[in-house]
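Structures given as structure tokens follow.
One chain, chain A, appears in both complexes that follow, with chain B as partner in the first and chain C in the second.
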Partner chain A sequence: MQGGDSRERKSGPFPGAEGAETPLSREDGEERKDRADAGANASGTASVVGAAAEGPRGTSRRGISRRGLFGLAGAGVAGLGIGIAADRGVQAVAAAGAPAAGSTVYPFYQEHQAGIVTPAQDRLHFAAFDLAPGATRADLISLLQDWTAAAAALTAGRDIGSYGAVGGPYDAPPEDTGEAFGLPPAGLTITVGFGPTLFETSAGLDRFGLASARPDALVDLPHFPGDQLEAARGGGDLCIQACADDPQVAVHAIRNLSRIAFGRAAIRWSQLGFGRTSSTSTSQATPRNLFGFKDGTANVKAEQPAVVDEHVWVGAGDGPAWLTGGSYLVARRIRMTIETWDRTALREQETVFGRTKGEGAPLSGGTEFTEPDFASTGNTGAPLIAATSHVRLAHPAQNNGVQLLRRGYNFVDGNDDLGRLEAGLFFISYQRRPSQFTTVQLALARHDAMNEYVRHVGSALFAVPPGAARGSYLGAALFA
Partner chain B sequence: MQPRLLPLAALAAATALALTGCVPNASAPGATHAALTVDSSATACTVSASTASAGNVTFTVSNSGDQVTEFYLLGDDQLHIVGEAENIGPGLSRTLVVDLNAGSYFTACKPGMTGAGIGQAPFTVTPSSAADAATNAPGDADLAARVETANANYASYVKDQIGQLVTGTAAFAAAYTAGDDDTARTLYAATRAHWERVETVAESFGDLDPKLDLREADLEEGQDWTGWHAIEKDLWPADAEAGFAAYPAAERARLAGLLVADTATLNEKVQPLSFTLAQQTNGAIGLLDEVATGKVTGEEEVWSHTDLWDFQANVDGARVLYAGVRDVLVQKDADLAATLDTRFAALQALLDAQRVGDGFVLYTDLSTGTVKGLADQVNALAEPLGRLTAALVL
Partner chain C sequence: MQGGDSRERKSGPFPGAEGAETPLSREDGEERKDRADAGANASGTASVVGAAAEGPRGTSRRGISRRGLFGLAGAGVAGLGIGIAADRGVQAVAAAGAPAAGSTVYPFYQEHQAGIVTPAQDRLHFAAFDLAPGATRADLISLLQDWTAAAAALTAGRDIGSYGAVGGPYDAPPEDTGEAFGLPPAGLTITVGFGPTLFETSAGLDRFGLASARPDALVDLPHFPGDQLEAARGGGDLCIQACADDPQVAVHAIRNLSRIAFGRAAIRWSQLGFGRTSSTSTSQATPRNLFGFKDGTANVKAEQPAVVDEHVWVGAGDGPAWLTGGSYLVARRIRMTIETWDRTALREQETVFGRTKGEGAPLSGGTEFTEPDFASTGNTGAPLIAATSHVRLAHPAQNNGVQLLRRGYNFVDGNDDLGRLEAGLFFISYQRRPSQFTTVQLALARHDAMNEYVRHVGSALFAVPPGAARGSYLGAALFA
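Coming up: the complex of A and B.
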């Protein structure tokens, strides 16, 4: 919910190599070639989980496309053509004027990990993991290699493993759990991060010989006034953020990645998010949080490469070289007492935010994207945007120009013992330095009028390594 | 739990076919894996190619006919079965994965599942470097002998455990009937261990399992509750609902008598059993499933809280099953064997840390962190154990 209005909002063509991925299609469409096709040619082979599975383009062993399999299974042998047609790349389909729902594919192997400046998808499944007691450095490396290979397959819309959900030996459990069978890639991104305890436990134990590689900034966030953190909802050696436009696709990713981890790492805590609360691209409309207000109006946007470079990506010389091109991920589980909020007058609600509820315009006037004028006063001489309003306290102008790339999600996890909805915001932000978050959050924790309606119950910080190169794996430079 | 390890009926095929024409598991990264299709119609058995490279070969068999069909991959004598996909209903498809050496084979379909089959055609497997490099396994005959030994040993183990269950149950029932609750409580978990070690076999007799091992939560409305857990509640009534009355002597005698009689029946039923390789490996998997769903959650022994005794017994049984086939596994997939060795040992170390005297800490005295550690290690073992059947039977 941190505001962080950006001072410039330029839109324009985005340089693809630098920031927001544009949905890739043709290239990956080629790789996601239909298995029915492979079968018909009697020459198809499927990729094996493992870093070596991705061969050079054109000669790569083809993985199993879920949609392709669906076509084959649904139509029988006679329907070979259906699966192929359904599995065409996005561009081809778009050219026909009828984009297939969920057919967006974001490339996995690239300079920065996807899922950061990628246009925020609608759904989230986030999981934090702890390495198993006794796990070794070799276990950690092999886990990251297996996750990388699996993530490349999953984000391309392929099943896990050589045989996938239904093509394997009849007397063995299927390699892929199968609930995404027949579903499109749905814009899935998988983003992996490293927590402080991976480098050194709270007891000072260097389990994996990584203590010397730990960035100075990768330490537990400080206690903020009002924090009511629950240990079971925070921390973790590793994290995976899975975002997709279909919740089943995101859950499928976490489920299979945690299955791959059994024996090496286990889930410590996890969180589902059902609605994005930020826009990370000018192509997206601003969504609303569970307070009913537009959130993320002034977010860092992928279309601002200079801002992204300055505020999101860890630069050369910032710290250990292995993290250059990466970012820091802050996760905060923020419980909202929405029952109380809902009994609050509209005047109070808008005063708390400093914006109108309908349009999302600053109370100083204009429309949603008008810059707030904090000096503007009303007839009593009081500022139109209150001193304790969220938009003012979170604004870069109040925080030495600090900006965050927010990527949070609404959650409702059933209800508590009192029958109140267990609802809130799963706040995620990406920043070049954790201190960016700390600066903004300190200002909010001290003064934000919204504190009456929110409670921070979970907290975690992760260093997110840069993207993996083809043939390598996420975080490889850390172990070099 | 649905029983996964069924008594041998007519399932010799899985073992026989498993050990012919195989090379060690070649599913490591870099291994090739040919995918072929087979169309089994009323009149033809059309395979999409008549050759493949040595290594794993996948046949996706589709039944386009109107009878239930089978697909066979036969050896060069056109008699012995290298692999088969059976019971494929009209309109369905099923995948057969076989790990093949270079050589001559035959493919055939059998719509209607009887008769000589149709469309028998030669199928040639050409050498490939990956498979050749791995061809250092002992002869098929040697493997077959080891499997035969494992089968016989496991049958003996089951009979021995049930035999000890009979003896232990008699002593337990006598103490319980006599009102010697302290002795009965002492014997309870230790005796049940014999049941839990072979649980997947014991519970495969559909009528005996509910008589002997039904938990109160499993009861249907009006169902007579007998067996171990009915007695358990009477011996450990502390957590029972308000108004629960201790069983009168006559009810004690009835329950004890039934327990002894049903256990004797079980003993008779296990005498003629023998087991296929797949039944053994799936039995090991099934025992770990029992741990994961019932024991590590504390749902099995809700009155006595002796879940860790059952946990240990399930793991004992799984380890015996694994040990029986381990030699064969080492030849076929040494990496998987090494992983299973390590993870069995790690789970045992966690259990050993909870030992008190001859037994264990009560489930209710375990911390959440300890239970999570056990559950994580059960997952760590069960996941690779799930690959055991395919690694051996493929």
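Coming up: the complex of A and C.
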């Protein structure tokens, strides 16, 4: 009967009138979390709920029935301690064995937003929002405040609100939609960004008094050769990137954040994606894209703090102070013409990539992580890595040292009218300056042999503010 | 360098010309598999690749480089034994610890097709196909033969074809598209069905000489009250249900089977879905649909063989002999108006379902698996489980004992023009007779309070032939 049987409330007054009975009140819990989080934030690393302190939502705090809470209270301080640890994902002393899958928690209140250097989770739900006609600056601020509070709860594996999915008044809509009730945090991260139109519409309208705060670099990306952009798949005043190891957890996050926005903002476009799955036995291997090749071998890694500082985080003096510690997010929906690709010879495929398909090694030799040797030539004198190959054109060495932190996902959105898979790569990259992406993409758009097999149909750029401080909200400095 | 580095072939002749060098020839392997499979088929249960004998595709057999194969040959019979065990998923003696996630293999050659009573995997990719204009009976037979061979390989965690993703001639397209290269079998099942139009088009055309073999029950489902069917989301000559615990594995299966069909059949419509995830710590719990309720509590379970025989498998004498041991598959794309639902009170939500949201217990009391008591009334004299509740209308007790084996998945396909999630339930049920579904759906379509929040937009019915015998192919008896 533990775990959220709500029928018992029918025979009594609504729990909404009984807040004082709840030993784990919100205020009480928040204070404890402040202390518990301090350590996690300092290291900036993920914590894991130990197997001995399993705490999926619906069984740890939010979903505990009143009967369950009384039981916990009876167990005294030790019981409460476990409840808090499970809530916040603080590393608990596990009795034995590995932590359960899905129990990873990434701290929300950090210097930088999570979901950027965070190890890429398995699933993505990305949504771009437009503010409602008539929305005010106060609406925007309140929305960001509400999103911040909700994101902090969701990423900790908690339901939305004070009562969650099933604990609220019986004659009111539940605060949380409930489809993630009982699921663990699943490594959820929520990352919020601001589009150019938030600052000034294409018609030059400054809806929220933000035009003077717009970073000079936050303008629409240029049109690249070959772009076939669809208006319905680009732009947006705001964006949310939700990543998790469970699609239901990522979907639940976007759905509830969208619900919170009702009347203030609505989804403009969205994209679901999948990538490396934690259920594989080779979870440390580089995942493959839908061309069947390993993707992201030469990516910026979180374990390279100097590289991340140089190429990912906006530095002091780069632009307006409110964005310091943030980043720029580029999203590109890249449709792959899978069926055409599948009819090309392995030689053509490897020549296009400049890497082998199996191992992912550069065609100049070695293994996956061997640096490509762009100068080496074969018997014919031609370069082993073709001039038009993807690996050459995208490589930092060919782009004045420019690096991107790529974080894309594969997508398959059914099929088109001809029965071809509507599939491809939802490219996401984070960079200190949008010009980093523009530099690389311009080289690719002009010369990449892969262009025969891909089509860029969606594009967006967002400024991603730094992380929120506890008690504040995402983007607060923009409104200071 | 193991694991499929294909560059080495550049300096020598193509491996395609060197078949005799390969110690694990296809013929050799097949014979071994015949013996290895016998035990697994007898029990009809899944086998698991032990941790000590990990064999994701690309590292066990297909993807082993020539150098790797020579190494294996040097290791002698013991080495070969491990290779075969990994390939076929036969339980190997694990050195220690649990099997790696994703290593589940369901035998393909069985009395019944897998993917029906198989425990529901996490992910779905479903596709309906139409035969190409001008396709002949011989084309249809060859397609089913090719699909059978490919499905046997894919479900065992092997690449398609003799050479797979990276082992083939360098100047030919790879036989396998490669995006699952290195991934484990992930519990993949592939289930093939035949639509009414395969036997006779709506214009009465008997394209393949099958009209006389059509089961009387294999006709379009009736129009149900409230149906808002879209032609582009229903029907189909053939269907393939691919289920796996990894979306990339399910997508890889549909993509390669679609590729094999090129020129003979093309995808008419398709649907991806997700459900319970193996990465949760509560993987044995009933999963939740996007209304936030547990779905499928009273489902037919594989552990009830008598119930399955009575309600799922087509029996001898039910219709044409070729379908004995098969089943009927109903697919319905049910769009949920999520945003409206989310604005209703918890009381309304539970009244609509007839169950509690948290625990999933019937409103007549008890826990999730307590039988609903439809007669019990509350203080007011009204039934505790409303007359229009979903649980009452769908329950076998209210439908002359009719039961369905439901196997549906949640879906989120982005958003619509108004920013609402394009989301819902892709309902799949298996039953001995289509009338079982019709009986239940008619009751629901007429009276279910849930109709206010759902819209049936896609519909299809398929006859699913029994499993293929080794050496034969799916549906062979239809052409005998």
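Just so it is clear, the second predicted complex is superposed on the first by the 376 of 480 C-alpha atoms of A that agree within 3 Å, B and C clash if a C-alpha of one lies under 4 Å from a C-alpha of the other, contacts with A are read in each partner's own complex, and residues count from 1 in each chain.
Keep in mind that, in the parts below, a contact is a pair of C-beta atoms (placed from the backbone, for glycine too) under 8 Å apart; a residue touches a chain by one contact, two chains touch by 3 or more.
None of the values given here were measured: they were computed from a predicted structure.
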*Could you tell me if A:G263 is touching chain B, chain C, both of them or neither one (first, second, both, neither)?*
first
*Touched partner set for A:E111, first chain B, second chain C, both or neither*: neither
*For A:E230, select first, second, both or neither according to whether it touches chain B, chain C, the two together, or no partner.*
neither
*Is A:S162 contacted by the first partner chain B, the second partner chain C, both or neither?*
first
*Now for A:T344: first (chain B), second (chain C), both, or neither, which partner does it touch?*
second
*asked:* Quick check on the superposed pair: does A:G182 touch chain B, chain C, both, or neither? Answer first, second, both or neither.
replied: second
*Check the residue A:L418 against both partner chains and state whether it touches chain B (first), chain C (second), both, or neither.*
second
*Touching A:D309, do we find chain B (first), chain C (second), both, or neither?*
neither
*Is chain A touched at more residues by chain B or by chain C?*
C
*In the superposed arrangement, which partner chain does A:G134 touch: chain B (first), chain C (second), both, or neither?*
first
*asked:* If I apply the document's touch criterion, which positions on chain A are contacted by chain B in one structure and by chain C in the other?
replied: 166, 168-173, 259, 262, 266
*Taking the complex as given, what residues does chain A use to touch chain B?*
35, 38-40, 42-46, 48-53, 61, 73, 76-78, 132-134, 162-163, 166-173, 259, 262-264, 266
*Which residues, counting only chain B, touch chain A once they are in their complex?*
14, 27-37, 39, 48-49, 56, 58, 60, 62, 64, 85, 91, 93-97, 278, 282, 339, 343, 346, 372-373, 376-377, 379-384, 386-387, 389-390, 393-394
*Using the touch definition up top, name the residues of chain C that touch chain A in the complex.*
1, 3-7, 54, 56, 58, 63, 65, 100-103, 122, 125, 127, 129, 165-166, 168-174, 177-184, 186, 245-248, 251, 254-255, 258-259, 262, 266-272, 274, 277-282, 285, 288-293, 338-339, 342-347, 349-350, 356-359, 361, 363, 365, 367, 410, 412-415, 418-421, 423
